Amino acid sequence: GCGNDADVSDGWVFATDHEYSVRPDGYPGLTELYGFEFDDVEIMDLGITYGALRDGQVAVAMGFATDGRISAFDLVNLEDDKYFHPVYNCSPNVREEVLDEYPEIADILNEIVPLLDEQTMSSLNAAVDIDEKEPDEVAEEFLLDNGLISGAPPEPDKGPVSVGSKEFTEQLLLGQMAIMVLEEEGFEVDDDTGLGGTAIVREALEGEEIDIYWEYTGTAWMAHLEHEDPITEPQECYDKVREEDLENNGIVWLDYTDFNNTYTIMMRQDDADELGIVTISDLADVINEGTPVP
Amino acid sequence: MQMIIKNWFRWLGVPLILILISAAFVIYVVNNPGGAMAARSLTYQNVLRYLREHVHLVFVALGLATAVGVPAGILLTRPKLRRIGKVVENIVNVGQTIPSLAILALFYVYLGLGFRTGVFALWLYCILPILRNTYAGIKSIEPGIIEAALGMGMNPVKILTRIELPLSYPVIMAGIRTAVVICVGTATMATFIGAGGLGDLIVTGLSVRRTIIILTGAFLSAMLAIILDYILGQVEQYLTGRDVNS
Amino acid sequence: MQMIIKNWFRWLGVPLILILISAAFVIYVVNNPGGAMAARSLTYQNVLRYLREHVHLVFVALGLATAVGVPAGILLTRPKLRRIGKVVENIVNVGQTIPSLAILALFYVYLGLGFRTGVFALWLYCILPILRNTYAGIKSIEPGIIEAALGMGMNPVKILTRIELPLSYPVIMAGIRTAVVICVGTATMATFIGAGGLGDLIVTGLSVRRTIIILTGAFLSAMLAIILDYILGQVEQYLTGRDVNS
Amino acid sequence: MIKLENVTKIFPGSDIPAVDNLSLDIKEGEVCVLVGPSGCGKTTTMKMINRIYDPTEGRIILGDKDIMDTNIIQLRLNIGYVIQEIGLFPHLSIEDNVATVPRELKWPKEKVKQRVDELLTLVGLEPEIYGKRRPSHLSGGQRQRVGVARAMAADPPVMLMDEPFGAVDPITRNRLQNEFLRLQEQLKKTIVFVTHDIDEAIKMGDKIAAMQEGRLIQYSDPDELLSTPKNEFVANLVGRNRSIKRLHLMHTRDVLNNDVAYVKLKTPLEEIEQKVKDSKLRAVMVLGDDNKLMGIISKEDIKREKGEVAADYYQEILNTCTDDATLNDALSVMLSYGEGFIAVTDGQERFKGIITVGDIFGVVKDDANDN
Amino acid sequence: MIKLENVTKIFPGSDIPAVDNLSLDIKEGEVCVLVGPSGCGKTTTMKMINRIYDPTEGRIILGDKDIMDTNIIQLRLNIGYVIQEIGLFPHLSIEDNVATVPRELKWPKEKVKQRVDELLTLVGLEPEIYGKRRPSHLSGGQRQRVGVARAMAADPPVMLMDEPFGAVDPITRNRLQNEFLRLQEQLKKTIVFVTHDIDEAIKMGDKIAAMQEGRLIQYSDPDELLSTPKNEFVANLVGRNRSIKRLHLMHTRDVLNNDVAYVKLKTPLEEIEQKVKDSKLRAVMVLGDDNKLMGIISKEDIKREKGEVAADYYQEILNTCTDDATLNDALSVMLSYGEGFIAVTDGQERFKGIITVGDIFGVVKDDANDN
């Protein structure tokens, strides 16, 4: 806010979007749980907190954990060591009938999951968002590098199965990866990525128009399964969702990724390294000790 | 005596009443936010800060817009400088047509985030009415008066400052007052780029669906515009109408 | 003969060239979107539809704004109706000061989402420059001319339509042209309430971070404003300047 | 027709009244000329008649109705107004300016066009050249004439004319005045006329109202004003040479001296000699057929020339004028030729008589004593 | 000082030139009056001199420099301009209007104030009453006078005056003219003056330029213009009574007839009788101490009254004028009293001589023949 042009603000200034600034599960709850206060809070559009942090206008910012700009701008996510934020780990969802027909699909897709930590996902997103590469290029390159595909898929002899996705970058990437690994194993795959918003894609899956897409645990818990209280521990959330979704809707959740596309608290990598901050608790300590911003 | 009271009332009384109303409103909502989420936003400290930021943005943007819009409008009226004026006008036109969001998106790369970009976007938004009205106002002066001034050997600068500007003053002021009102309204957008202002309240209210927060922001913004506009209106009347009763 | 060509050029040539430039731009970006993500947004069908929606919004809002702003501005100049005029002005002022986002948020309850709310918000944004300039323009007419008209037994309506409006025409037109440009720019906000328009492109471009989509939206919006403004400028010149070379 | 009763006008913010307890009675068909120093309230008086200003006190009757009870639009439509500042509509062509009121009254298009052309011609502006121009492309005097044409357009029964010919040259002004008087003879409008030109006031006015500082000082017909100005102020206003001005008011036909010797072309010398001897002028007029004035024979001519009849002796006579000339013109001709008399003819050059300086002196003096 | 060489002005969109091949040479310290019908190009000519318009052809020299080579601001600062449309600045008070150029020239505040008051007084507007008003609160003639004051404010060596007194009443105009001539005598400005009033032209002008349709028809001094108008057009322009107008140009002191009989108050009857008998007038003047004119004694007075010395017989004499009066005034007085002569005194009522109608006739006639 109070404008000293693009100058670096003094002290521990925190950039947040409007919603996060007042929600109980946002900034107020966070500071309460971790027991610290920022010197000042700057409210701005979600999309530009990353830039504000990079440009040194703030010392700490909130964002979403897998945004491409985190890696591109040399930022680092602080670990939510007290499990404050709800969790949004990602997992391939497959319809039960499809899995019954082609059980190998589970293994094929689970091959991708362990490769995707926050750092990786963020870089991949950055390749699309910042470097303006196409999602399929980026996905192919990534899978080739990790030896999951050969670059020359065989003639399909199975299928067809249909892979969908929501319409933002991360979803498009994940969708493309799923398609490629399936094709590598000889599936004929329909590309239905970029279908629409969460509700639309989920409906498509339930309506058997698509067979596979990637969903986030927190989203399913709150939106699809219509629970009110968020869960902040990844494993717990995954377990509950998998159980309930299979039982009620016949949807199978494969393994979940290490990356957690939830709210994150970020710092510049340099600053974090200098002060030895890894977790939000570290940050709280540093601030409470009165250490100045580097 | 009555005159003095009346004048006093017109100059200070009305703005004061409006300020008191605003203050009463703020006191009311801060004490009755109707929920914890709203209460977090609606503290005296926050509201005052947003207000201050808003005023700051508006003043700087408007000052710059006047400083550019009036001269550009004048350039347009000079036959010889018409071309330069046209260029300026077109730039301003284009600037104006680009949605503020797009401006922010496109310009924060160069100007950085926050105040500077906010001022820049607002400036682009306020400049047009000022420029246009300056041009139209000067153009509508009776030629006989200008001829008399020319004949008196006034140089173009003098004619401008002594004759043309004072005579087209009401029209130029109409432009500036329009700009003020637009500026105060548009300044709420500045929140998107972290330039603060009352937009913080409105957008926060929108995103967490708390009407009272939106209302507070909108109300204060409206009041601010009304007060500034009123004061400018008084200044205008004072300067043009001192002893003219027509 | 040369005259005719020149006139033809001024009336049709310039807008045509601007339209051709826009068309060329659209053809270029549709064929060279620079990637699949942009290509999904930038189809001929989409672009034309956004453009159509945008024009529709702008025309309706502007028509309504003129229909209210000019009469309200006139009311303000009548000593007897001054009070009503002041009320209208203040309403318009307040309307204008409420940020468009807040208007959308507050009014969609009554008007529903989409076109109608979009028009309403735009209308509130365009009306002020028109009202203000109508008032200022009429006020700056030389009293001798009005006295001559009074002396000729013209009734107030005739004086208004035959003398005051034609004479304050340049100033009123400056207001309308300002309003057009503001309106085209602000209409991009309509996307937030699902009223479509070129704002769809800009916001999509922002959210998928494809500058070319933002640029297409912004460029078309700017071109639209420039063309409309140019045409109004020609109309104005035609009506005021038929044989005046001053 | 127009009656002002104790009318006073005090402008807001001023303590001195611009018009002060003014009463004036203007009869139907009369031209009332207001004269007086700059700022004495002439324009203000006019503007109260068509209710551009409302009087602070007093009332104004037009016809038989208080103007405050008349519909203001109707009132003004019936009153042609030539405004001092001219006030042409700058956005309209000359034609459109003049056509304003007729169009207001919804005259048929043809008639409007015809009337506009007629009026522009009347005021000496060719419709083809000037009709389509904007006022800013005319000279000052041309603009003023357009203003006059505009006020006359719909032939209103009452006219207020505030210095209508002030910016016009004497030739054009004279033409306009004459046209105006000719029209007035036919149309018998009621007219209030302001001028600074006393000659014009005398020529145009049936009555002249001399004003000073908002008050009416003298209200009388022009001759009276000249011959017996009520006070020093009026005397000054009409000027020291007001006797010469009065000569403008009298025509040669009114003071003709018919008792003058004349001979025919064929008259023999003896008769001529006799008549010259008897004549006060020491000369005789020579008339041709139908009493046409051929010349003059003076004592010297008889001595110098040789011949038998008048035709052999007469000399061309230059100091002549027509019988509708004013005495002022006659005196001027006498002065030019240094002669103490002038021969007067009618339109067809028929001899009517002579006028001597003495006659002129006599008339002016008698007249002055009458009053 | 001002030299126009074959100047032509054709307005865009018009084919007839507004000013047509005009050459004019105005000497330093001279007043050149432009006269001519409305629309003949007078205003256009003026506006070319201060470069409001640029000539289509020809050139204008001011001093010894082509005005196109002079700095335009400098040029205009040196030229006072009274614009025909008056053109007061509506947003400024009367004072501020007049003070414009002096302030422009950064005169000290005191001096400006003093000059403004002086000028307003000069044009007959009390600074206390009118100084603070806006132009819209003045009468037409008052506005025009402010325009004149404004143009004179900085005492420019050259003045262009476009009908400066057109809207002013005769008394005020006369005063202004006289003031103006008095100032001109001292200041010797070079002035171009437009008027429609031939009397004014004659009174004010050292030279008169008669224009018609943009062309210069005659350029001569006033007397020549009146006595020998170059053609019918000029004759008409100056009017049929131009001989009487010429009388405006001559003063009684120039034609005084000193050869007149007079007696003192104490002169005895016989001497009076003798003198009356010898006198052409059949009357003698009676002078008091210091040659003060006391009255007149005519033949009839001697018969009617009884007494011993002149003091017992003389009658008051009314037909008198001062020796700076014009012949026109003198003639007018004669006409008023029906007398063929007038007694002329100086400012202190000392007798200077008499003038008879015959003298006036003689002068006008001689003069006409001279030219």
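Note that the chains take the letters A, B, C, D and E in the order they are written out, and that residue 1 is the start of every chain.
Going forward, contacts are C-beta pairs under 8 Å (C-beta built on N, C-alpha and C of every residue); 3 or more make two chains touch, one makes a residue touch a chain.
Given the structure is predicted, the values throughout are model-derived calculations rather than measurements.
> Could you give the fewest steps needed to travel from chain A to chain C through chains in contact?
Minimum step count, chain A to chain C: 1.
> So which has more C-beta pairs touching, B-E or A-B?
By number of C-beta pairs in contact, A-B is the larger.
> What's the farthest chain from chain E if centres are computed as the mean of the Cα atoms?
Of all chains, A has its centre farthest from that of chain E.
> By mean C-alpha position, what chain is farthest away from chain D?
Result for max centroid distance from chain D is chain A.
> Could you grab the centroid distance between chain A and chain B? Build each centroid from C-alpha atoms only and quote it in angstrom.
Taking the mean C-alpha position of each chain, the two centres sit 43 Å apart.
> Distance-wise, how many Å sit between the C-alpha centres of chain C and chain D, to the nearest whole number?
Whole-Å distance between the two chain centres: 59.
> Quick check on chain B: which residues sit in contact with 2+ other chains?
Chain B, residues with two or more chain partners: 142-143, 167, 203, 206, 243, 246.
> Mind pulling the chain E residues that touch 2 or more other chains?
85, 90, 136
> For chain A, which residues are shared contacts with two or more other chains?
Answer for chain A, listing residues that touch two or more other chains: there are none.
> In the complex of these two chains, what residues of chain A are touching chain C?
For this pair, the touching residues of chain A are 47, 128-130, 132, 134-136, 167-169, 172, 194.
> Which residues of chain E touch chain B once you look at their complex with the stated criterion?
47, 50, 52, 73-79, 81, 83, 85-93, 100-101, 104, 132-134, 136, 147, 150-151, 160
> Touching chain B in the complex: which residues of chain A?
1-6, 15, 17-19, 21-24, 28, 42-45, 48, 51-52, 55, 57
> Over in the complex, which chain C residues touch chain D? Could you list them?
Contact set of chain C toward chain D: 144-145, 147-155, 158, 162-163, 166-167, 169, 240, 243-244, 246.
> Help me check something: in the complex, which residues belonging to chain B touch chain A?
Those residues of chain B that touch chain A are 36-37, 40-41, 49-50, 52-53, 56-57, 108, 111-116, 118-119, 191-197, 200, 203-204, 206-208.
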